[in-house]
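Chains here go by letter, A, B and C, matching the order in which they are written, and residues are numbered from 1 within each.
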Amino acid sequence: MSEYFSNIKTGATTIATGLSITLRHFFNAVKRKGDAGIDDADYFNQVDGLCTLQYPREAVPTPKIGRYRLYNDIDDCIGCCQCERACPVECITIETIKTTADDLAVCGKTSGGQQKRMWVPVFDIDVAKCMTCGICVSVCPTDCLVHSPVADFSEFDVRNMVYHYGNLSKIEVEAKKKKLEEEKAAKEKAAAEAIARGEVPAGRPAPKPKPAPGPAPVGGEAGE
Amino acid sequence: MSQSPSLNTWSEALSGFYIGWLPLGLLIVAAVPLIFIALYALTYGVYGERKISAFMQDRLGPMEVGKWGILQTLADILKLLQKEDIVPTAADKFLFVIGPVIMFVGSFMAFVVLPYGPAFIGADLNVGLFYAIGIVSFEVVGILASGWGSNNKWALYGAIRSVAQIVSYEIPASIALLCGAMMAGTLSMQQFCVLQSGPYGFIHYYLFSNPIAWLPFLIYFIASLAENNRAPFDIPEAESELVAGFFTEYSGMKFAMFFLAEYGSMFMVSAIISIVFLGGWASPLPNIGGFALNEWTSGPVWGAFWIIMKAFFFIFVQMWLRWTLPRLRVDQLMFLCWKVLTPFAFIAFVLTAVWEIYK
Amino acid sequence: MQELGKAELNATRIIRQDDNRVVIEKDLDTEYMVLSMGPQHPSTHGVLRLECITDGEVVVEAEPYLGYLHRCFEKYCEKLDYPSIVPYTDRMDYLAGMNTELAYCLGVEKLLDIEIPRRVEFIRVIVSELNRIASHLVAIGTYGIDLGAFTPFLFCFRDREHILNLLEWISGARMLYNYIWIGGLAYDVPPDFRKRVAEFVAYFRPKAVELQELLTENEIFVKRTKGVGIMPADVAINYAWSGPMLRGSGVKWDLRRNDPYSIYPELDFDVPVPDGKFSDIGDSLSRHLVRALEMTESLKIIEQCLDRMPEVDGFNSRALIPKKIRPKAGEVYARAENPRGEVGFYIVSDGKSTKPLRCKARSSCFVNLSAMKDLSKGQLIPDLVAIIGSIDIVLGEVDR
């Protein structure tokens, strides 16, 4: 019997404690949390009160290293395709065209001063596929591929989520391909002539003349 | 039927008001409570609950539709009206359709006997309290019909639980109200208020003038939570167990009817508890010396104000409890009803009787 | 039971004895109902499906069905480089990414046999303990929801938000961090990190007390969980339970103590086990209590780490990360204490490839969930919900 009453008593007191907590919060509803980012020294001074932020107008600032939308600075991209190979979900598609010797100056240098040796006509990132792991960013040798802190980039059509960063127009692509082929052909011709003149050093097999010029190398790699 | 004809003159005069052949007065009499109910359910019921729960949980609640989200409920209603009215193929169509209607009607029929002021009451029945208890439990039929008619296992669970719960809790609730009836010596809702009004304001309320009244008051309040399926007794619609309980299959306007019925009965039981134990429309302010606060704050408009405020206070407590407490289990619910509330209700009943004889 | 036809099933009552003997009583006028709970059910914590055979509200038998969230983690590992697997481990237990990453990286580091800078070790422990608190907050909050208390859930999420902000600040992501890398960390912590975490600890202490008053001590909550789903210690061990589940059964087993890794041996913290006063040992309430107490222990660990963490000038957290990860041929099993129990990775390397030959993940939730059939026998449906909640499953880890 005493257990019966003590049960009722603990029930009443614990319920009253709970009620007092919620009531305290109810009356604390005049205060609101600030929208300072975590890197703000003030952050934990303004966490009291209602914690909702009304999103489009007020937002939690994303930190500088926030990994959200991928962005590629194509001017710095050397077309090495390391990101494409590193990506676990294969959301990056790159096509490159080797730069011909006379075009090197036109192709230019990266902001780091590295000579670019590839045209990058196609650099597509399917950000809908991207899982923002950041591996591609970590392997990028020129730091041109970055995760920007832009977190809200929704689209009505999923096809719009494929971001194109390639910086060559179709005509330019055709021109570059043609130029590369011409250069190749010229080189092969020169090599063949050299063989004909017997200038190839001994011990090195003569380069086989390629049958027909195939399509431009797709996904060519910088190291080769 | 009418117990206190003098008090009803206002409404009777109004109902006798004709423009040509059109009984405009009668229409107004019928429309006033309906408008009030709609306004209450829209503003305080749904919107208030969302805001109160939000503030208790450190949230903002609805903010987008209108200033501070005040039109949110309207938007919701519009959405519900536009929704497809789905009747599952496997459902018992008649029961499925009639269920929410019974609940809605049952919940709002009790408003008839609520006195909103000294001269304003739908029908001053001499068995007003009895009628209110009876009509509120009418909802059980609606719940069972919709739960069974849905042909859904979760809905059936919800309905069976609900019926068991409401029928059980009728007993402590009725006994507790009976204590109030004993104190007043009447079942007329209007008489309850009349008897508890006086120059000293709240001193005349049974809760304060009678040393035992707090016990039936508490019992009725707890039991009324269970009758309304409010937390911590919301096991019939326990959303984390039974998905949505007996209205799992409902959508659109039928769902809205359940919603309105729930808020309707919340107001109903809150009004009943404030009438029986807290004087209904009687002003709580006492006359102090020259300041006749009680007289200044009495009258038809003040009466409506007081009863609605008292009811709103209890609705607030209901919401407050809901957003604080976990849910009981079915057997614990029955334990509370049969082994705690019912014995205490009987004790309160006997004590009240003794007090009423020897006071 | 399988041999019985449907009509026969209706006319019989099947009682499964303790020794798994089935006794069939015929001609009783009761009928079983098969109730499919989930995969879309509010309290199955994801896409778990329980096929319950019920007798009224009593669950005669409940069989969990898995695989709705299967993402071929182990098969993927065979085609991915060692570092690329790290983001996938995040997605296993998405509520405790850091802890799972740590377990995986420990495994590969063991295989490579490389040294980890001390500062990195400290940061790893801090972030995984922060993540443990975040994960337990979700567990406790959703447990409240399962039992009908909505408010504690939002309080938990409010506090978890600060942890997520902290972790986003250092790693760049809020849930799927890819922060702990093989041999190091993705980034060093920001300069203010130490101060901010200390502020968080100070902020969170009173909130934990408030949570305890609001939920754990509430009489209704206690009534709903005490004595529900009791798992004796020996059965729990036989089921290979781990983490708070096992500790809830009174077994003092914590990998941070029993198979220490990283810098845990240097740290001073308790392994909470229920004492049987407030709860019955092995019941749902015990498991809940263990989680609640572990949060304060984690706070203790974080404070110690903050004090002892060495400051290194010009520290590069990626300095010791190997360029090409190609471990020697061999195999390794590494395990760590996840918020849900022991998470382990069994990694086999053939010595030639930069991809593991095999990477098997031992998921704590999956193992803990396997006892569901035993636990649910003869329980009421509300108790079933309470039991599922106390197991604290993350379906991402169960199905992998």
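The rule we apply is simple: a residue touches a chain if its C-beta (ideal position, glycine included) is under 8 Å from a C-beta of that chain, and two chains touch if they have at least 3 such contacts.
These numbers come from a predicted model, not from an experiment.
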Next item on the list: Could you name the chain whose Cα mean is nearest to the mean of all protein Cα atoms here?
Entry: C
Check: What is the chain whose Cα centre is as far as it gets from that of chain A?
Finding: B
Note to self: Taking the mean of the C-alpha atoms as each chain's centre, how many Å separate chain A from chain B?
What the structure shows: 59
Item checked: Geometric centre distance via CA averages, chain C-chain B, whole Å -> 44
Notebook entry, point to check: Using the average of all C-alpha atoms in each chain as its centre, how far is it in Å between chain A and chain C?
Noted result: 31
Notebook entry, point to check: When you check chain B against every other chain, which residues touch at least two of them?
Noted result: 56-59, 323-325
Notebook entry, point to check: What parts of chain A, by residue number, touch at least two of the other chains?
Noted result: 15, 18, 21-22, 51
Note to self: Residues of chain C that contact two or more other chains, please.
What the structure shows: 151, 158, 214, 218, 220
Notebook entry, point to check: In the complex formed with chain B, which residues of chain A make contact?
Noted result: 8, 15, 18-19, 21-23, 25-26, 28-29, 49-52, 54
Check: Mind pulling up the chain B residues that touch chain A in the complex?
Finding: 52, 54-60, 63, 320-321, 323-325, 340
Margin query: Per the contact definition, I'd like the list of chain C residues that touch chain B in the complex.
Written below: 33, 35, 41-43, 57, 144-151, 154-155, 158, 214-215, 218, 220-221, 223-224, 380-383, 385
Next item on the list: Going by the contact rule at the top, pick out the chain A residues touching chain C in the complex.
Entry: 7, 10-11, 14-15, 17-18, 21-22, 37-39, 41, 43-44, 47, 51, 60, 62-63, 65-67, 86, 88, 131-135, 138, 147
Check: Residues of chain B touching chain C in their complex?
Finding: 53, 56-59, 153, 157, 231-232, 234-235, 238-243, 323-332
